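Pasting the structures here.
The same subunit A turns up in both complexes below, where it pairs with subunit B and then with subunit C.
After this line comes the complex of A and B, so read on.
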């Protein structure tokens, strides 16, 4: 049932620099994760994406939320009730 | 009221406004499109608290250095220094990648 989601995550993991990927639903349930992505962070990812939307006057606009550190960057975006978080090595 | 810190924020290129927020949530300084914007300050403090709990690296404690919220034409760039949260709203002008 989750084959297409799994394939999408596999394709994302094959992109150069990606070390983890996580998909969560709008309530913070982890749908799938690969690599360094922590399952326990699914709720935080969904919440960060939701809070980011509140920064715009148009609540339909979903921004990309980026967390950057010395070793890793996490890119978070939600679309149609699914939040994706991509862990990339810091370049 | 300008201070060395806000003077630096004023000089950020393409900046549309800024906020300086104390760790307890009080707005210390604000300017431009973020002037007196306590609502945005509250949302950003909430995001900072959540982001500080995200584990970026699996094996060691690696707190985030910068939090960016990127929309189509503008972005918020957020960092923490010396118990204060610095927020800058900047124009976002993505450039097309150059394919050699």
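After this line comes the complex of A and C, so read on.
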């Protein structure tokens, strides 16, 4: 059940520099979030990943979207209708 | 029987006792909007007979405008004066107060952007390790979510036992 998704998010949070993770479905529904990631940002992350998909002719390939700021970088990637967003402190 | 524009009401507009012929709005002579047009208004205009006819017509038109109550333009007319400015000032001050509170109550979804975009653009792109991290995390999350199944623990349809 969802324990495996929860454990996987915990493992990602334990990576050095990661301050927040968020998982959403392809419609922007937040499935899980930890750390600094806000639930209200799930729709935005999902739509950014969907927009990134349109850059490639191959629908299976989804690029990694990176939002850079002074405080942290947000890495966004969609895979099989699941969008992951990782808030990582810029190294 | 007198009417608003009739001459008959002049003889009843004095200091007589009020009866069924007394005008109901007779006391509002000073009010230009509600005052009915009487024959005195036209008799006091010497320009009708000896002055310019066009100016006389304009004067009659202007007087009629004063006597006609335009209900549709009444609100906007009053609002366009000082009241409109007062309300606009009041609303803007209230909005500044409430808007400031709303802005502080809600945290921004995305972090504030960079102040030195040229440094970010000239810097190194994100590392391969970060890309591998997000790739593996997305693939693992999709795999984990595929194992999520809805478990029906109770009946969705309940049959009522009808005796």
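As a convention for this text, the second predicted complex is superposed on the first by the 91 of 91 C-alpha atoms of A that agree within 3 Å, B and C clash if a C-alpha of one lies under 4 Å from a C-alpha of the other, contacts with A are read in each partner's own complex, and residues count from 1 in each chain.
Keep this in mind: a residue touches a chain if its C-beta (ideal position, glycine included) is under 8 Å from a C-beta of that chain, and two chains touch if they have at least 3 such contacts.
This one's a predicted model, so the numbers in the text were calculated from it and none came from an experiment.
In the superposition on chain A, contact of A:31 is made with subunit C only, not with subunit B.
Of the two partner chains placed by superposition, only subunit C is touched by A:79; subunit B is not.
With both complexes superposed, C is the one of subunit B and subunit C in contact with more subunit A residues. In the superposition on chain A, A:41 contacts both subunit B and subunit C.
Of the two partner chains placed by superposition, A:13 touches none, neither subunit B nor subunit C.
Once chain A of one complex is fitted onto chain A of the other, the partner contacts of A:51 are limited to subunit B, with no touch recorded for subunit C.
Once the two complexes are overlaid on the shared chain, A:2 sits against subunit C while remaining clear of subunit B.
Contact with subunit C, but none with subunit B, is seen for A:88 once the two complexes are overlaid on the shared chain. In the superposed model, A:64 lies in contact with both subunit B and subunit C.
Note: residues 38, 40-41, 44, 64, 66-74 of subunit A belong to the subunit B contact set and to the subunit C contact set alike, using the contact criterion stated above. Touching subunit A in their complex are the following residues of subunit C: 107, 109-115, 120, 126-127, 130-131, 133-135, 137-142, 144-149, 151.
By the touch criterion stated above, subunit A contacts subunit C in their complex at residues 1-2, 4-5, 7-9, 12, 15, 18, 21, 23, 31, 38, 40-41, 44, 64, 66-84, 86, 88, 91. The residues of subunit B lying in touch with subunit A in their complex are 40, 43-44, 46-47, 50-51, 53-58, 62-72, 75-76. Within the complex formed with subunit B, the residues of subunit A that make contact are 36, 38, 40-41, 44-45, 47-48, 51-52, 54-56, 61, 63-74, 87.
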